[in-house]
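By written order: A, B, C and D. Residues from 1 in each chain.
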Amino acid sequence: MLKKTEETKVMRDPIHGYIHIDLQVVWDCVNAKEFQRLRRIHQLGGNFQVYHTAEHSRFSHSLGVYEIVRRIVTEVSGLRDQLSEYEKATVMLAGLLHDVGHGPFSHAFEAISPVPHEQYTVRVILEDTEINAILKAVDPHLPEQVASIITYSHPKDILNQIVSGQLDADRMDYLLRDAYFTGTSYGNFDLERILRTMRFVDDKIVMKESGIHTVEDYIMARYHMYWQVYFHPMTRSYESILTMAFKRMRTVYHTHPEILNCAPMFLPFLEKEMPSIHDHFKMDEPAALYGFTCLSECEDPILADLSSRLLNRRLFECVDIHSDEDLQSVIQQVSDAGYDPEYYVASDEAFQRPYKPYHSAEGHNIWVLTANGEVRELSEVSDIVQAIVCGQMKEDRKAFYPKDIQIKM
Amino acid sequence: MLKKTEETKVMRDPIHGYIHIDLQVVWDCVNAKEFQRLRRIHQLGGNFQVYHTAEHSRFSHSLGVYEIVRRIVTEVSGLRDQLSEYEKATVMLAGLLHDVGHGPFSHAFEAISPVPHEQYTVRVILEDTEINAILKAVDPHLPEQVASIITYSHPKDILNQIVSGQLDADRMDYLLRDAYFTGTSYGNFDLERILRTMRFVDDKIVMKESGIHTVEDYIMARYHMYWQVYFHPMTRSYESILTMAFKRMRTVYHTHPEILNCAPMFLPFLEKEMPSIHDHFKMDEPAALYGFTCLSECEDPILADLSSRLLNRRLFECVDIHSDEDLQSVIQQVSDAGYDPEYYVASDEAFQRPYKPYHSAEGHNIWVLTANGEVRELSEVSDIVQAIVCGQMKEDRKAFYPKDIQIKM
Amino acid sequence: MLKKTEETKVMRDPIHGYIHIDLQVVWDCVNAKEFQRLRRIHQLGGNFQVYHTAEHSRFSHSLGVYEIVRRIVTEVSGLRDQLSEYEKATVMLAGLLHDVGHGPFSHAFEAISPVPHEQYTVRVILEDTEINAILKAVDPHLPEQVASIITYSHPKDILNQIVSGQLDADRMDYLLRDAYFTGTSYGNFDLERILRTMRFVDDKIVMKESGIHTVEDYIMARYHMYWQVYFHPMTRSYESILTMAFKRMRTVYHTHPEILNCAPMFLPFLEKEMPSIHDHFKMDEPAALYGFTCLSECEDPILADLSSRLLNRRLFECVDIHSDEDLQSVIQQVSDAGYDPEYYVASDEAFQRPYKPYHSAEGHNIWVLTANGEVRELSEVSDIVQAIVCGQMKEDRKAFYPKDIQIKM
Amino acid sequence: MLKKTEETKVMRDPIHGYIHIDLQVVWDCVNAKEFQRLRRIHQLGGNFQVYHTAEHSRFSHSLGVYEIVRRIVTEVSGLRDQLSEYEKATVMLAGLLHDVGHGPFSHAFEAISPVPHEQYTVRVILEDTEINAILKAVDPHLPEQVASIITYSHPKDILNQIVSGQLDADRMDYLLRDAYFTGTSYGNFDLERILRTMRFVDDKIVMKESGIHTVEDYIMARYHMYWQVYFHPMTRSYESILTMAFKRMRTVYHTHPEILNCAPMFLPFLEKEMPSIHDHFKMDEPAALYGFTCLSECEDPILADLSSRLLNRRLFECVDIHSDEDLQSVIQQVSDAGYDPEYYVASDEAFQRPYKPYHSAEGHNIWVLTANGEVRELSEVSDIVQAIVCGQMKEDRKAFYPKDIQIKM
């Protein structure tokens, strides 16, 4: 039923050395058009505005997640003997396909799309697609099985945890990958050692105590990547312009729809409550970017300006905001300068705690297997993590506005 | 005249650590819209079909070339004192801007465009663009000066050599960068040591004999990158489909032009003898890819099929060709299978010699400064290079055709 | 007075790329026999018992410290213009020579030597040595100047801080170097960025706030290296055997001195209150190791056994100790097994807090220059460091004993 | 018979990530005192005189060779099913132990020792040692089996080839390891890909044609490492002083043996025709270096001077020699300067061809499995290697002499 490929397929990858594929169904999914489409979606929405080499796609990240899942289910002792071949294939496929529903510019696009990307991911797996056909040919239940892991609802909880927990394949791949492609060293941690000290105990992924330093390192890598890369002010500036452009598009659609004729790719997301899976397929980043190219010459001056800012990197400036009054003051000054603050002031709050145990949700904690055989939550065992858990949560609230205005606070 | 930036601007880069910019004119060019457009052109046309992480753009490569030029003119002893500040700025700008005229998919696009990309580069610098305005504001002659280096015709020959010779900033950046982003080790060589052993003697860049092993390593890196990456059969397969798609587009334009209405971005290149610099600006990779998305649903079945092959990676298969008869045989078999060989057979010959001294063109040789002060051509001094120069030139001729046909040779 | 070398001398180094030397006095010190002796002292006493590739010497570390000092005084803005050429040379020499008095196996040797290594360092610089002659030839006061930085008593406090503070050249080199040679990734941090964001303000080294994440990374690197490498139980096991061997040697010297005739290199350290600088010169690691080879066949069974354990890596086992009673219990059990606990039980406590501000000693804090120009202590600015400072201090107390005993606790 | 360890033992290694050991006999050999002694022998005799960080030992190299052998016999398809568990263990042990007979400073020591190191390796395996006991406990024939691979005489020829051929585990480890520890990039090649494209066909190790570029890279890495590292003039200078010191020692032994009483460790090698395995065990690098420390104060001025040159790095200068007359001229000038040329002129010829097929010795060629299933010798398939094979062999003949003499040629 689960056919092997003739010989193991390998794909060179700077993070993992090689991606190894020896299940035909995985190989077929990689070659399906919905998966190939991920080559046309950047992994990091606006980050390559800051780190100019962070131009990698969700295609390579998805292969990386698959590879880590594959290694977990074949290498982690205690686990490899617990899972059937079918379960292993299911969770590998879930790792591979978990991002297949992404639209352009990740989260910002959801300002225009009525449907979040997670829903599209499930639809690409369950509706009439090449991927669905490939999965169904192996087993009629396989699409639902794969989708249930992605929605964190598979009855065998360990499968959910492998793909999305606190120490999951998704996060481990993106931290390492984004560090490599930004050229920073912040996101590095010792994946080999994490895999070597992982165990499967009490239906949970646990880390042997001897690997705890590596996990501390991983927690810190995450913390640094968030603040240095993902929450970088210029990343957020680019994304705030995107959000504003989509917001303006919606307004224009209601007032002067004919203006949008030059950018037909956006229409299904404005017109329909539920754009089709085919609409979604066609809405990749080249479509959106070409749309902005056309809109940068359209008749609505605000939409034209915002579109051209995106293409030519005329980013918004930012200022720290400590209260709602601060924000009001920025709005007033932007308005005084002749800009419509509705589209020219964006406020955005970033916050992140490196790690926080969830007392209610077991699967979202990191568990440690101590030398004497107990399983304990990470922050109870690690002084460093304990210090961080008890510490203050870092917050950063900013307002974004056109650079030519001199904001006074 | 050559204003400094307030403080040195640095941009994180995995190849060079940081890109350092301290001339305002360079910084302004980086922020010009024609340069920002390079973010939307991949560095490697079809290579990311083989090496899935080779998704970097000409934007980051151009910054890298600039950085190497900057280091050459400020670090190479003998040279830094020979060039005026104006000449240094000119050659740095030439390095930065040398690829600014590229269209989508590099060479394949020239199947449709009546003008090669080098001409566009010069036009972007000399015609009415943001870049031209920035350069002219510094000095009315600066645009011509920069362009003359790019066309290898600056009267001070050393400036031409720095940007395009046998050991030039362009090639050194792309080998290192492409190696990093493909995740292969083939393209690595010791840039630090090359820069440390470079000298300027007799109006030429020369390498101290003590650095000769590093140059041998560079020659080999080049050889391996060509055969393992640039000439990879699947890269050439993708590019041959691109070429065929553009060829078909031109036919359709003459027979059923209305079919192309869904992809208006291609029209200027079909209609005009000399597309404008604005047409060129708008023709980036997102435009072309969105065009193929639309064409993949068009009424011409050949153009629709070729477009969808590009998007969904349904590449052509290939076979080695040793004679014109071999090629004829492939054409016949493809025709027998019901395909139009005009668009479904591509033949392509790749050849490369790792290094070849040009007896007529001094600037294109690599020169070595021997321990006793003589300047000699590399192959006279290096046994390895001598062996390679006398050896056979590697050739590889292939025909490409749809995978579902079983070609017999 | 401060002669330059004819051309810059460079030495290939995996941590810094190259070590650059362009002062003749530095080059002469490198070639002095007391500095060359450091090739015969391992950087990490017992660590290569755990990490088999950590076999690097204090010679390469000392060059690395010099290189970082050189970069700080020539690159840190605010500082390079504040120091005279003489002061720059002095602090570079202090960096180079700060470890020149080390004996074999670093700290363990002080169990036998009546004099700590810091004192020898000062004596090598001030007494009748090649190094002293080289320094004096430049300026009669140079030896005292260099020594005063090493003893943290130079009147210009910034010079002391550069060599030994919380973010000093010594520590930065050894963390990076030890990480490279152990093959772990724990000790990595971004030295380039630390140097780029260092400033000199208010007579202090400060870090620009934009570099704070790199400093947090450095603090964590330090923490991990301590627990994973420097305090590794098997490192401490080896060092406890060394300490015991030296202790036994002292006893044997008092009871049966003739037994030590086979290992004459140790005698000056047992006989004299103040061994000479020549005795010290000859006592390098080969001398000590050859001594143990001879002693492993001597007539005192305890000394012979301990010596052979060192050579053949028959390390002690260890157990966690939570109270003095625990230790007493181990001593009793070792004694019951027929071993003399005086030499066969070692107890050792390791503790380390990643970073702790000293309220009394300014120079030992890490200072941050905030965006609005204030200078504040690191833990006030960094949530992560604040969390760590308030957290518990990690402690680890162990007892070491021969492996063949089954200790019950 | 071949007991497994309780769990796989892993040792962190920068070249291989981890060394994996799961056979008890391998683990026991690692812990035998004759193997631990390799920690006290540098891998690169005099190279750390040039590359100051090349301070690694034969201990870590031997573990690396073992690891590559382990991977070859467990990963190379075609091979893993051909070898019995016993044969696999035998060849892994041969890889581990192939250098166990080395004396200090590798080849130079053979100037004093009447027996080459290969003979000692065999004796350590076959005579009364801890290693012999460990092997014999597994199977009485195991020592002979292991030794026969090391002497390239095992009847199953493939086992010999794995440890010492043209593409063997020994060479692959030392090139990668020496490159890492010198900090050069010359020796790098893609071990992963070599292992992935290795096959076992016709009783031979062959490389799939798709891996040929990696093999070319390996050949070049070898070439560069020889000329940049192993044959570096200052390496050869140090080794020529060593050779001279041993030569002088032999003379002094015959004329004034009492002078050598201060360095008793050398005596067995001067007195006996066949030093015992115990003499050999005790003669490690610390013994030799401590011997030179003592001899540097001895009464023979030549031996004292040469010894102190070794310790304090007062290396010989060198000059290129093109004929015997050149050499005679150097000898005359050194003699005129008052030095005894017998001990103060060393001549040395280095030559290396990157790869040369042996028509008579199959096992020493590199074989390629072409796409159509033929097995052909590498230089027939690779243009680059062909060019090198037909090219001239690089030679370098030098004379070494004290630096204070101005030699005129």
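We take it that contacts are C-beta pairs under 8 Å (C-beta built on N, C-alpha and C of every residue); 3 or more make two chains touch, one makes a residue touch a chain.
From a predicted model like this one, the values you see are computed outputs, not experimental measurements.
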Farthest chain from subunit A by C-alpha centroid distance is chain D
Larger contact count among C-D and A-C belongs to C-D
Here the gap between subunit A and subunit D, centre to centre from mean Cα coordinates and rounded to Å, is 50
Rounded to the nearest Å, the gap separating the Cα centres of subunit A and subunit C is 44
Per the C-alpha means, the centres of subunit C and subunit D lie apart by a whole-Å value of 32
Two or more other chains are touched by the subunit B residues 184
In their shared complex, subunit D is touched by residues of subunit B numbered 184-186, 188-190, 213, 216-217, 220, 223-224, 227-228, 354, 383-384, 386-388, 390-394
Residue positions on subunit D within touch of subunit A in the complex are 10, 17-18, 192, 196
In their shared complex, subunit A is touched by residues of subunit B numbered 11-15, 31, 33, 36-37, 39-40, 48, 51-53, 55-57, 59-60, 63, 180-184, 265, 282, 284-291, 293, 308, 311-313
